[in-house]
Amino acid sequence: MTLPSTIGEFERVAQESLAPGPLAYYDGGACDELTLADNLAAWRRLAIRPRMLVGVAERDCSTTLLGREREHPLIVAPMAFQAMAAPEGERATARAAAATATPFCLSTLATVGVQELAAAAPDATRWFQLYVFRDRGVTRELVAAAGEHGYEALVVTVDLPVFGVRDSLLRTGWTVDPELAVPSASAAGTRGPIGPAEVSELIDPSLDWSDIERFVAETDLPVVLKGILTAEDARRAAACGVAAIVVSNHGGRQLDTVLSGADALPAVVEEVSAQLDVLVDGGIRRGTDVLKALALGASAVLVGRPLLWGLAVAGEQGARRVLELLLGELDVALALAGAPNARELDASWLMPAPWASH
Amino acid sequence: MTLPSTIGEFERVAQESLAPGPLAYYDGGACDELTLADNLAAWRRLAIRPRMLVGVAERDCSTTLLGREREHPLIVAPMAFQAMAAPEGERATARAAAATATPFCLSTLATVGVQELAAAAPDATRWFQLYVFRDRGVTRELVAAAGEHGYEALVVTVDLPVFGVRDSLLRTGWTVDPELAVPSASAAGTRGPIGPAEVSELIDPSLDWSDIERFVAETDLPVVLKGILTAEDARRAAACGVAAIVVSNHGGRQLDTVLSGADALPAVVEEVSAQLDVLVDGGIRRGTDVLKALALGASAVLVGRPLLWGLAVAGEQGARRVLELLLGELDVALALAGAPNARELDASWLMPAPWASH
Amino acid sequence: MTLPSTIGEFERVAQESLAPGPLAYYDGGACDELTLADNLAAWRRLAIRPRMLVGVAERDCSTTLLGREREHPLIVAPMAFQAMAAPEGERATARAAAATATPFCLSTLATVGVQELAAAAPDATRWFQLYVFRDRGVTRELVAAAGEHGYEALVVTVDLPVFGVRDSLLRTGWTVDPELAVPSASAAGTRGPIGPAEVSELIDPSLDWSDIERFVAETDLPVVLKGILTAEDARRAAACGVAAIVVSNHGGRQLDTVLSGADALPAVVEEVSAQLDVLVDGGIRRGTDVLKALALGASAVLVGRPLLWGLAVAGEQGARRVLELLLGELDVALALAGAPNARELDASWLMPAPWASH
Amino acid sequence: MTLPSTIGEFERVAQESLAPGPLAYYDGGACDELTLADNLAAWRRLAIRPRMLVGVAERDCSTTLLGREREHPLIVAPMAFQAMAAPEGERATARAAAATATPFCLSTLATVGVQELAAAAPDATRWFQLYVFRDRGVTRELVAAAGEHGYEALVVTVDLPVFGVRDSLLRTGWTVDPELAVPSASAAGTRGPIGPAEVSELIDPSLDWSDIERFVAETDLPVVLKGILTAEDARRAAACGVAAIVVSNHGGRQLDTVLSGADALPAVVEEVSAQLDVLVDGGIRRGTDVLKALALGASAVLVGRPLLWGLAVAGEQGARRVLELLLGELDVALALAGAPNARELDASWLMPAPWASH
């Protein structure tokens, strides 16, 4: 099989091959999908001011993340139910991540258990994404398993106290194929097909800052808060002692018309980047998007849907190819922007895009 | 019958099922329909700044309106000739309103009498919308009937001194089906089919502020002025002693290129919200639109066309489902925006949408 | 024959009935037609702030123009070669103008002579538009004839020293049908079909401000300069003693990407409206456009292409209907904007359109 | 054969006649082609403020470039592999340039040798564009040949240290037809078809400012740096003693989302125009684009793709016709803008386009 040569082609092929329900789940966003579209558009509203003649024979895109050196700033975002895209599901994605030195973040709502995934991709740098369930016992077990099986960070998602309004799911009546196991949900007692109502039923809407303080105190793993969009909340997160923040709107899937990660990033960086790592996700499709995130002060970016397209098109190989394409583009972007060492990037490389800022 | 699962689907189904004339009347706007389109776009030009981790297990969207507590901030806007959409017309809409604790505003140009509607929906909170006719005797009778039959407010529409230029009506030659009764028009002597010219003929173009002062003085009901778009006029309305203002451009149906309610709202709120209730209408299609109106200082919002779509698709059940969908979305929006008590919303939850404010 | 009920319908029907050459000549603009499109868009970038409850039973749209009272602010713009649209050509348009109390401006490049037009439409208020020919003898004769036959103003077009680049004419190879007489060109010695090159050949590209001074000194008629777009040129025109200026870009037909009349108007009004009348043209399609021009300080507006559509669809009756539609819309707009006397309009009725000014 | 009458028609005909690979190479841009599109849009975001009545019977668009008088400000941009468009390739383009007094810039990656081109178009003013190869010996030979054969300037391209990401090439798998000779590549040892990887392999990514200083010191020819987009780099170039800068983003083909030449130009002009000539390229399609570049302070503009369209449609005659069309449009633009002497143009002729600057 010849793999697609661009991420755009992966997207097209994946959209043709996925069944309507999983496609709606993967690609859809909240309500009118304005935020979904803006996640991509926001990066396009930034123009690059490239520097010439600095000598770019060698490029270095390494970064420091949670106190460790990383070869590059990409991370596989937590995404639920990956077995809907390919039989190997999260296992394949994690192996693709391992092959490209990319940290892999396992979703609470994975179609594989915490331990099984670790066994399937022992070489992957693994993080665990946590939805805090109403059933705090199961929640504790999940966190404990992550600690036991070598996961290096706990990514607590804070922007899904209830499931968002997603017209595409309402239209298709999507639920997870009952033949696919979702171990965390089973442990918490969910029976029957999992759809939006079941997810809402699992997750605790009363979660608040005091819970975060407790997690930080009780967990050995560094705690990363995912879903912060304002400087106010970032300051509060820093006060709780979290190790990092992911500036994110949950891929445009939760509350439509919230601002994008790209637009929320500068204020958060200004507020807390001296105290913790700031990551960002949403709409990363090109190497130039990654370059812009770094220039705005992010330490790393999470990549989501493109991995699912890769997975849907060609399993582990597809997911790996998507990561390689992005890394290749990032390398070219650093060369052409005159920033062979990515750590040199700062806001002087960017300006509001004239095509958007009129 | 399976009801549509989103308001967008209600719109599509309704547009396919309505005859060209009623469809043009319901959906059309003035001239080039720029204001019609902007009524929706204006809400989309506002982005939400959501707050996380505040604990949202319980949400409360209650509001205070005309001195009374209301469960939620939705009101059914006055809309004429509802029997064009479904045989039960206003009766069905009012029952749907009653079932969802939504005040129902009866149009002067209803296809049902003031008393009949009250009898058909005795549980509905009812308001009466008044077009001041050239025939002041009939006008007085209508107001008196509203008072006698338990209507709780008098909503005086001030932005239709003459009927607007609506190309879609000129093209379709729309008139109300002569078999449908319009009691107010009959009382005022209209004979033959009612079209734009007949409406203009009924309504008094000389209405001015002195008339409003008189209405306030002579009526026991609270007087609400509907159709104000400037702070100047809002101040004048406050000086007249009205109980509330509806910031509105008549659904984009009267003067094209006037500003939207959403854009007119902040200046009006700043000018008079200490003295009276400020309501808004135009383009409310999502729970997030309602949230934004509240954050801008509105006490409530009027919903129009979506009710007609519900009515056209499935009568009372359709109208009720539309209201339930909007209320459900509002509930989710409050949870996801981190404003479990809607009364806490203020302008800090909003910003100009980056996708529109470039 | 049933006449179209909107100007938009006139446009559609005319575009289907005109031959490609004349259609290209009438509807086309310069190069990429950005200014052509912007002439319409510029009015749409202005929003109206309407006032309510001022009593609008009577509306008055009269204006004072070149020292005379006019019933309304519309003028038929000078347009060449009108016999391409209908056999009666300028005669029909002038009669339609007379029937609606609209001044008619005859083009130098008319398909009728100055005297013949006067004879054909004796009741029309007639102005004469002057292209200054290289042949100054013919130019003088044209001006003299205008004076003799009751034309009330001399409108000197200053923005066509050479013929603009119009792709649509290059593509269609348009020329005036040789069977149509163009008396002015014949008098100046043009032989064979008239196309862009022949027009350029007729007109004197060396025209400058000293010529204007001489015209003002030598002519009894008030001199109107048509084609001014900057305050600098307006000041100079005032210094020359002209009676009025038409802020115009020649219907987007001359230099693409110049600004629109609507956008150029405020600076010109501020500069010279104390000394002379400021008129505007370009893109007037709606009564609200006229209202906005008046609110920006124009004394009157010239209407062009819509008249040609009326003429092409139904000759004199079509042109008349177009004028009546516009006047009807203006009347409604005054009522709905709360400006029953058009002379009260000022900039407080306008604001940058929120849908365009983000 | 009848030649197209507009550049737009040349584009359409060429796109239909070129094979997919060459078409992708010529027309494609980097990644999502945002910068490619913006190169055209940027000129359209500038509006012209035209002056009237200045007397425009004679127009003069001459300019001074590298110390020499030129009849007009157009230059044929360096473009690789022109034999893909027509058998005569660069020879035909150079002859078209000669026929219109336009300097012709030969690409390093031409499908003709430096000497052969000089022999084929002895009357053309010739410049040589230099990619600095890893093989510095071949590089020296190319520069020496340019000097020997009467090339008047050395245009060093600095924005291609590596080949950009071009989806259209990845999709089509484009390589240069192996039957076409690329003498420079052959001299440097390239074997087999030339595609993106081969170009990257040829060019030295370590090029830096010290190399430029050396070129200036070692070469008799004036050195022009092509590919500068910031004032910082322009200042550095001036310090190196280069004779001119071409503000350019390589036709949108290298790093997507960099700013356009039109937008980068003003800051560069302000920084260094007192010391060296500033040229610009990217998106020049109309005479008004040239006028705007001059008004922003450019001494000349490079024209690229339109020449390839002319070449593809009709060889030398097509390329010549394209240049004549542009020069004709520039002449008309000067007349209609009231700038009969192009050297008088300055920023007062421009304003942000109202249609874009809202």
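Here are some notes:
So that you can tell them apart, the chains are marked A, B, C and D in the order they are listed, and the count of residues begins at 1 in each.
Criterion: contacts are C-beta pairs under 8 Å (C-beta built on N, C-alpha and C of every residue); 3 or more make two chains touch, one makes a residue touch a chain.
Because the structure is predicted, anything quoted here is derived from the model rather than measured.
In the contact between subunit C and subunit D, the residue numbers used by both copies make up under half of all numbers at that interface.
Subunit C has its Cα centroid 42 Å from the Cα centroid of subunit B.
Residue positions 358 of subunit A are each in touch with at least two other chains.
Taken as a contact graph, with one node per protein chain and an edge wherever two chains touch, the assembly forms a single closed ring in which every chain touches exactly two others. Chains touching one another form the pairs A-B, A-D, B-C, C-D.
Note for the complex: subunit D touches subunit C at residues 5-6, 8-9, 44, 46-57, 286-288, 328-329, 332-333, 335-337, 351, 353-355, 358. Note for the complex: subunit B touches subunit C at residues 31-32, 34, 37-38, 41-42, 45, 158-159, 161-165, 167, 170-171, 204-209, 211-212, 225, 227-230, 232-233, 236, 254-260, 263, 352-353, 356-358.
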